[in-house]
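Listed next: structures, encoded as structure tokens.
Consider the two complexes below, in which chain A is the common component and chain B and chain C are the respective partners.
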Partner chain A sequence: MNLKALSRWTEKELKYLLLVPTILLLLILTVYPLIFAIIASLHTINIRTGERSFVGLKNFIQIISDNLFWNALKNTAIYSGVGVTVEFAFGLGLALLLNTRLAGRNIFRALLLTPMMLPPIVVAVIFKIMYIPDFGVLNYLLGLIGIKGMIWEASVKTALFSLIILDIWEWTPFMFLILLAGLQAIPTDPYEAAIVDGANKFQIFKFITWPLLIPAVLIALLLRLMDTLRIFDQVFIMTGGGPANATETISLYIYRHAFRFSNIGYATAMSFIMLIITVIISNVFINRLKAEEVFTL
Partner chain B sequence: MKSILKLVFVIFITIIVIFPVIWIISTSIKNPIDIFTIPPELVPPNMTIDHYSILFNELGFLEYIRNSIIVTVSTVIVSLSIGMLAAYSLARFKLPHNLNYQISFWVLSTRMFPPIVTIIPLFSMLRLFHLINSRTGLIIAYTAFNLPFAVWMMRGFFAEIPKELEDAAMVDGYSRMGAFWNIIVPIARPGIIATAIFILIMSWNEFLFALILAQTKVSATLPIGVASNVTQYQILWGRLSASGVIAMAPVLIFAFLVQKHLVRGMSMGAIKG
Partner chain C sequence: MNRLARNLLIALLLIGLLASVFGGGQQEKAKTSGKLVLATLNSIEGQTTKKALIEYGKLKGIKVEFVEAPYSNLFEKEVLDMSKKTGLYDIVLLDDPWFTQYAENGWLTDLGPFFKKRGESGLSDDFIPTSAAICRYPYKTGKVYAMPFFGNAQMFFYRKDLFADYGLNRAPKTWDEAYSVMKKITDAGNGIYGYVLRGQQGNPVVAQFMPVFWSFGGRMFNDDKSIVQIDTPEALTALNFFLKLKDVSPPGAESFNAQQLATYMLQGKAGSTINWPAFVPTFEDPKQSKVVGKIGYSPIPAGTVKGSSEIGHWLVAIPEGAKNKDLAFDFIHWATSAKNQKDYALKMGTPPTRISVFTDPELTKMPKFKYFLVLKDCIANSTPRPRISNWNEVENTFGIYLSKAVAGEITPKAALAKSQVEVEKLMKKAGYIK
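Coming up: the complex of A and B.
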């Protein structure tokens, strides 16, 4: 083929050619792991020795009776459920309150974005320092207002709760900023009409603000749910899953099986289950988002 | 009255958000004996930079920083160049069978993949090519992970540019790619820079992949360096907080630069803030 014909062909097929590198990389990222997971989960594989033998559904049967797996699933669900709910409630409250012209709003926004931009590892380090029981600043401050100090992440009772507090500190600003942007995108005409019709504040929120805010709500909840379900870094640094597995999460448990116990087959079987849970939850949201036409295509 | 109350409330919230960050900085410049005082001191009575000099001189933090910079910058360059092309195609051309829509949502759905699910296959694949404990392996992993974001963000930015601009350029004799490079990219530059900074922050902060793929001095990034100061036996708080400050400082500077695009970036381009 001569050069001219080649360049004409390139121009004609350009729209596909441009997509090729991205699609190849994403196939490697999504389709290959999926196939790998299905195959590996039916085997017992030791990653160090390379031994591999077919065991059928044994891994999955073992998972069902693995109390530590269910414990990790429970902890992840509590972390995700409580964390995201509180963040959403705080974020929405703040957004509704501050959806007005405010002196120094840009400075406020700049400061608010600090926690979520920090490396999660560093956030965990910060809280580890503040949680120091005897001389830590948090127990000291609580003491000033008459609350007895705790041992935070070191106690089975409060460990998970201590991690959720960290998550709330780190991510409430995210909820706030997304919901505030959603509020500010709502046109003012419906409000004027509602006020003329004599609607009260609650009715205005229920019939105007909330329906128009739904897209922002969906995207904020989706992204936060996906991130909390995979929570790893903060737990790894703060507690390593302890004490007594009180903060073991799914990601941490899979990591331990795969890279500490070299138990690849079992770990992939669990990761396959995790993937299915993730896909189900994210599809619920993505379908709603499609229906709301949030993504302009 | 109402607005004063509101302002007080805002200041209160800001203090809650900022205090922990100030606290780690303060701890990192305290002498070890001053870290444990009652009451705790926000401003250290005797400041010291000992913790920082130990990290740099004895614990190899310069190497962690070097690795972090190389991995982050390469990831930004590779994922931007690949993602930009796909984004342009999705934003501009009408593909048959509603493929624009299908591919866009497929790209978005890969963002939902939990990293722990991807890392085991990725690990075995990279090991096959002897790319474990190398910066290249980490760059490949990070590129794959940041690509969906790059495509989604830039697709939005390109779609906002009127089509007529390239049409006019092509009438003037530019090829399609020539028009893209000379007309579209310069106009979309603020968006491209914002996307780059977001990818930069995400790669800089990443921990799980680095933990599994890069454990040696030639490849380990800063988060690994920070984590190495958290041991089961005794934690040296001054050192630990100093390492945290080193890891967070560049990110904070960059975060201020993307402030304007923050909401858009954080919501995968779904919400324009």
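Coming up: the complex of A and C.
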């Protein structure tokens, strides 16, 4: 083969050649671990005892009858559902507000982003202090307006919601940031046309802003849902899963089995189930995004 | 859609940037020959061990390296290294409850031959016997696989002035005596609580319950671990008393960990607690504490039998796969010597494990070390967490039911009955119950 032919071949196949490094990375970092995880989930693997044996679907059958797993799944679902909904509502409200010509809006925007810049561990430690019923600042403030203090994350009834409050405080800015980006990408012409046609503010929001914002909404919800489904650090610091298992989440439960009890096989099987749940949820969103023609796959 | 895509991209990049700034991980360095590599904790004990190794390196002219990690990461790192026998670390710092699992799996080096080479028969008699016992596998009688570095055992902390106000001019000797004062302090309604309970689910609540359990004559297992003794009258008495302690504790105790206990004491809002001695320097520091000089240190009060603290030592050991065992042994032998332990106590405030250091008049005459004599007695009188290799699982399970009892979700009787069933399952799985 002469040089010219080689060069012509390269020219023709260049697009595939350029993909090789990416595909290799994907194979090493995603495909291989995934296959490894599938195999591991079909084994009993215990680092402590050195046990390693093929058990078929036993891990999965055990998970189905594992009450602690279902309890953790329920807590995670409540955490994600409530947390993301409230964050979305707040984030949308703030984005709409700060997308107007408000005086000092740049300062507000910058200030709003600070919670997100703090490491989650630090936030958890500070909230733990603020939640102390006796001399925590929250109960003090409630006392000022005549409301009796609560015992926040220490009560079985309010523990999970106390954690959700923290999540809302820290991650509403994320929703805000993405929704604001979405709002600013909407062209101004439809608004001008609507005003000329005499539409009121509600109609403008319903028929122009919302439909054009949908792609950003979907992306924001998807990212936050995936994030909250693997919530770990705040819970680990604040409650350790208690009281009475009221705040045990899936990640915490998987962590316990993998790293505290050395039950790698069982932990991998649970991770696998979580992966499937996450993939199903993401697919719902990604299909909607495709329908919105944000990107084509 | 171009603008949207661009703006989104910018937003995501911004977030990614933030995440990478704050998510920076630690670097792990691989070992090459002629060096000592230490796996250590990011706490004061871990820092002291690190300092000791740096000093030792200078003394001997060798290179030293460290892998530092927070508590639970350290456990993971050590387990991964030792189970795969990678030999990354020459020396590991370990919490004593991890010891049984490490030793049982043959992950640690038998130190016997190394002592012999030096013409010593084994661990020095100067170590408190209970401190030496947890370095042996099987417990107390077996071979030595570690050396005790930092001595820790729970102590009963109480406010001398408050207890005196209610007519008790000394440390309470029994739980009854202590409880009557605690109740009076809480009932007085000054916003001060008689006791502050560490009730967070998992390790915290179990660590808080064990000394009470033992002081009412309870034992979790029989000697060969073949019988679980959680659902017993002794345990029920202990748990009922434990819940009484919660009644005189501040609201929210269900989620308190050691730090919240210390906060209540420092703010002068609690009359007594059971906690680790690591908080003593804070209690006596006028910058942080409102109760300097007012806190008394004493052994755990007696219930139906003599009170006993939970022991919680930091040990140093050499992994089986270590590459520089002779040098590593020389270091741990040197670091745990009386001279060095005294030096670390003076410079870093860490508690020793040797009797001669605990009773060194030069230290005990200093106000900040006045608790040393009490701590020595607490350690000498301590009980270790059950020496089983699956303690993490047992502790987690027991911790769930204790948390449920403390939160009032189930009765004490039911909590113990359920723990009994679940712990028996774990013990069967681990082969202790045939």
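Note that in this section the second predicted complex is superposed on the first by the 263 of 297 C-alpha atoms of A that agree within 3 Å, B and C clash if a C-alpha of one lies under 4 Å from a C-alpha of the other, contacts with A are read in each partner's own complex, and residues count from 1 in each chain.
Here is the rule we use: a contact is a pair of C-beta atoms (placed from the backbone, for glycine too) under 8 Å apart; a residue touches a chain by one contact, two chains touch by 3 or more.
The structure presented is a predicted model; accordingly, all values stated were derived computationally and were not measured.
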| item | value |
| --- | --- |
| When chain B and chain C are modelled together on chain A, clash or fit | clash |
| Contact breadth on chain A, by residue count: chain C or chain B | B |
| Touching partner for A:E11 - first (chain B), second (chain C), both, neither | first |
| First, second, both or neither for A:I286, with chain B first and chain C second | first |
| Which of chain B and chain C A:G50 touches, first, second, both or neither | second |
| Which superposed partner A:V156 touches (first chain B, second chain C, both, neither) | second |
| Touched partner set for A:N245, first chain B, second chain C, both or neither | second |
| Touched partner set for A:A267, first chain B, second chain C, both or neither | first |
| Partner chain in contact with A:M226 - chain B first, chain C second, else both or neither | first |
| Touching partner for A:F259 - first (chain B), second (chain C), both, neither | both |
| Which superposed partner A:V137 touches (first chain B, second chain C, both, neither) | first |
| Single chain C stretch clashing with chain B - from 56-64, 254-262, 326-334 or 416-424 | 254-262 |
| Residues of chain A contacting chain B in one complex and chain C in the other | 47, 116-117, 119, 128-129, 132, 134-135, 174, 177-178, 181-182, 184-185, 215-216, 219, 240, 259, 294-295 |
| Residues of chain A touching chain B in the complex | 7, 11, 14-16, 18-19, 21-23, 25-26, 28-30, 32-33, 36-37, 40, 47, 94, 97-98, 100, 102-103, 106, 108-122, 125-130, 132, 134-137, 140, 169, 173-174, 177-178, 180-182, 184-185, 215-216, 219-220, 223, 226, 229-230, 232-233, 236-237, 240, 250-251, 254-255, 258-259, 264, 267-268, 271-272, 274-275, 278-279, 282, 286, 289-290, 294-297 |
| Parts of chain B lying in touch with chain A, wherever the complex brings them together | 6-7, 9-10, 13-14, 16-18, 20-21, 23-24, 27, 35-40, 82-83, 85-86, 88-90, 92-93, 95, 100-101, 103-118, 120-122, 124-125, 143-145, 147-148, 151, 156, 159, 175-177, 201, 204-205, 207-208, 211-212, 222-223, 226-227, 230, 232, 235, 237, 240-241, 243-244, 247-248, 251-252, 254-256, 259, 262-263, 266-273 |
| Residue ranges of chain C in contact with chain A within the complex | 1, 3-8, 10-11, 14-15, 18, 22, 72, 75-76, 79-80, 83, 101, 105, 191, 199-205, 250-257, 260, 263-264, 267, 269, 389-390, 392-393, 396, 399-400, 403-404, 406-407, 409 |
| Residues of chain A that touch chain C when the two form their complex | 47-50, 116-117, 119, 128-129, 131-135, 151-156, 159, 174, 177-178, 181-182, 184-187, 215-216, 219, 238-246, 256, 259-262, 293-295 |
